[in-house]
Amino acid sequence: MERFINLTVSVLTQGLIYSILTYGVYITYKILDFPDLTVDGSFPLGAAVTAVLLDKGIDPWIVLLIAIAAGAASGLMTGIIHVKFKVRDLLAGIITMTALFSINLQIAGSNYSVARTTPTIFTGFPATVLLGTAPLPVKKLVIFFIIALAIKLLLDLYFRTKAGLLLIASGDNEMFVTSLAVDTGKAKIMGIVISDALVALCGALVCQEQRSFSATMGTGQMVFALAAVIIGLTLFKKAGSVKGTTCALAGSVVYKACIQLAILFGLPANLLKLVTAVLFLGILIIGKSREERNA
Amino acid sequence: MKKYLSMVLAIILIFALSGCSGEKKVLIGLCQYGEHPSLDNCRLGFIEGLKEAGFSEGSDYSLDYQNGGFDDAVCTQIAQGFAAEGCTLMVGVATNAALACYAASEDNDTPVVFVAVSDPAGSKLTEGNITGTCDKLPVAAQLELIRMLQPDAETIGIIYTVSETNSVSTIKEYEKTAPAYGFRIESIGVSAQSEVTLAVDTLINKGVDCFSNLTDNNVVGVLDSILEKTDAASIPVYGSEVEQVKKGCAAGAGIDYYELGKQTGRLAARILNGEKAEDIDFETIENYSVYINPDKITVLNMALPDDVAQKAVDVTK
Amino acid sequence: MLEVKNITMTYDKGGVNELTVFDDFSLSISDGQFLSVVGSNGSGKTTFLNIICGSITPQEGSVILNGTDISGEKEYRRNRRIGRVYQNPSMGTCPNMTITENLALADNKGNRFGLRPAIDRRKEMEFRDLVASLSLGLEDKMDMKMGSLSGGQRQALSLLIATLRPIDFLILDEHTAALDPVNSEIIMELTRKTVEKMHLMTIMVTHNLRHAVEYGDRLVMMDKGICVLDIDGEKKKNTKVEDVLGIFNSISIECGN
């Protein structure tokens, strides 16, 4: 039973951390209809910045803010390449991602570890005061739950503001946005910036949790997040009553639970990607057939 | 709603069932970064090392072997699974897997043993309840071997992956040591496996006298296509590990990863016998072997000096 | 007053498909005028609208609004003063957003889209009343997605959205062409009421000669980039559909249609 609780805590924690990444991809993929490949570069960017700054002794919460800013800058780059230089969406993301690979190596090398004595958001203030001597996994779960929920609520709130509504509109009908005397390009860039800021924040959180950065940690994150968004939307989206952000969060947890199950059953990691692909396809087909039945 | 509820219940049930194997026995969780001949040898050697020290798999301990498929996020989940299972000992094979195990042990203080980490201090794998073995390549021995087999050679071509820590640090070592043996290093850093063969062509065109391999996963992964090109150009390739020489490198001074694994297994046995991991310093493997592939040496019209032939291991036998 | 002066517009200049639509074309429309534009395919009607709105830039000539040259203004900047309803009902609104959300966006046209809440209770009631004034029963469907409404309903809302904020002129780009006859009449009636109430300068491009004759106070027929017919005032009032049809047929025959 103890093992079961431990595993559940671990899966929930992982799902909650990665939900931040999933929110980001939800914004670009689902709202803006912009497949943003920057993710594979901005995710490790957040981690690289975090590893180096934590090591320099900067407050872990301030480090998170800096990582967000770095991610926003990478999103801005993709946005400008796409909007101002009229490079196609996929290519714009690939260009930034490729550049970030080198930038990340410049920042933190191929690997960068943070010593156990360095405080992180889990071991520093205010976690120590609020959660006292609770075991670390519990602290992590609580902190990630608060962060994931807070960001979800913030995003929900944002989508109800004028700027947020405009963001949704620019993914829905660009011409309509132009007719509102707004530069659609700017609205789009704003969306990509928010998305990559979230992605980098997720990278930063993973780095604080793992105490290490690796240049290859971004590989496949885009695919994960896309799968999580689609799983979430297919399983939990019911005619507008469930918010997209909630679906993204749930999708992330379900995906991580599936991986944990695969590991439990001793599925060779070499087959993991194949299983992911099959799961992904299955969910897409279920979603499609349900759509047709409802239509 | 009912459907989701039953789905959630099903998942909970699966987790719960899998958690019911509650027998109290020594459980070792071994996370290997990915599937790779050198890393496989580490694992097999580790099991053998434990056995020599009196711990047999099955009767004395059970092994939960997991493979991360070169995915850091998967390694994290594997390691946290170990922690959840209440493993007696976690073993990380290769740096990233070791880091994942180390992170998962932060609170419960499960001892961690790492295998094949090139720079334990740089990776901060030295503080806390952790020990293991370091697989630094014998660069000087390799340079000496090349000098003996190719007395006139001037430049050595090396391809490495810029994102692999081990490779980057080994390249530095090569560049530092090479002049003492009268060599110049021509290195090309790649960021993906697809760039490796292009880099081979570039180096051949630059007229390097030979290639030397690191234990770079990306590069070693496409060794066959590298050899195809170098064979066509009659340029020898020196491996860094026995498996590479078996595959068709002319020779190589390298670590026997099986031995490295065995050495680590013995460390693990000390921990199982009650020693604390934090009291055991990590060990660097000092013994290296010289491997030769006489068939390849003949094909390339190279002379094999007697003193090399005597101390080297013939991989074709 | 809107003036289009000495426009020259050639598509694919120097290319194999070079096509000159306008060569020194000028037209001016006075305030409050409701102008209907008819013409065969390729006569330059749509190009004319696109030049006014800034969707395309002509090689030569200028667009002058109330004495100010707006030729250099970007399309989205120009849209502050323009309302436009398209032929395709899904172009003038966001299909995946609700009626309320669409109206909330339109209501903020020309202002900053900042971090204030887009919709509040008071606005919601205001939008509801506006939609009720269309008499289509849509006021009870404010939370429905635009895309789930019929073409006629969407065009009615598009018209409402285009004229929600004060604008200098309204562009109707064959806005009834995709509708069935009944809905088409409803939308035309709604158009007339809206334009009269707001006393709006309006340019309506249509393929429906009867609409062109029945609605508006000025009628222009275009062919190959020139106005072959331009009537207003009493003369327009006395014009019958048959008269216009006669001229239309004669230019169409020349074209070989």
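Read from first to last, the chains carry the letters A, B and C; within each, the first residue is number 1.
As a working rule, contacts are C-beta pairs under 8 Å (C-beta built on N, C-alpha and C of every residue); 3 or more make two chains touch, one makes a residue touch a chain.
Please read all numbers here as calculations on a predicted model, not as lab measurements.
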Item to check | Both-way neighbours, i.e. chains that touch chain C and touch chain A | outcome: none
Checklist outcome for this item: Relative to chain A, the most remote chain by C-alpha centroid is chain C
Checklist outcome for this item: Using only protein Cα atoms, the chain sitting most centrally is A
Checklist entry - For this structure, which two chains have more C-beta pairs in contact than any other pair? => result A-B
Item to check | Geometric centre distance via CA averages, chain C-chain A, whole Å | outcome: 43
Next on the checklist: Roughly how far is chain A from chain B, centre to centre by C-alpha average, rounded to an integer in Å?
Outcome noted: 31
Item to check | Distance from chain C to chain B - Cα centre to Cα centre, in angstrom | outcome: 70
Checklist outcome for this item: Contacts with two or more other chains occur in chain B at residues none
Checklist entry - Taking each residue of chain C in turn, which ones touch at least two of the other chains? => result none
Next on the checklist: At least two partner chains per residue is the criterion; list those residues in chain A.
Outcome noted: none
Item to check | Interfacial residue positions of chain C with respect to chain A in the complex | outcome: 74-80, 82-84, 86, 90-97, 101-102, 104-106, 108-110, 112-119, 162
Checklist entry - Across the complex, what residues on chain A touch chain C? => result 158, 160-166, 168-169, 172-173, 175-176, 178-184, 187
Checklist entry - Which residues, counting only chain A, touch chain B once they are in their complex? => result 1-4, 6-11, 13-14, 18, 101-102, 105, 109-111, 113-117, 135-137, 206, 209-212, 214-217, 219-221, 224, 235-236, 256-257, 259-261, 263-266, 268-270, 272-273
Next on the checklist: Which stretch or stretches of chain B touch chain A in the complex?
Outcome noted: 4, 11-12, 14-16, 18-19, 22, 34-35, 66-74, 76-78, 80-81, 83-86, 95-96, 99-100, 102-103, 106-108, 122-125, 127-128, 162-165, 167-168, 191
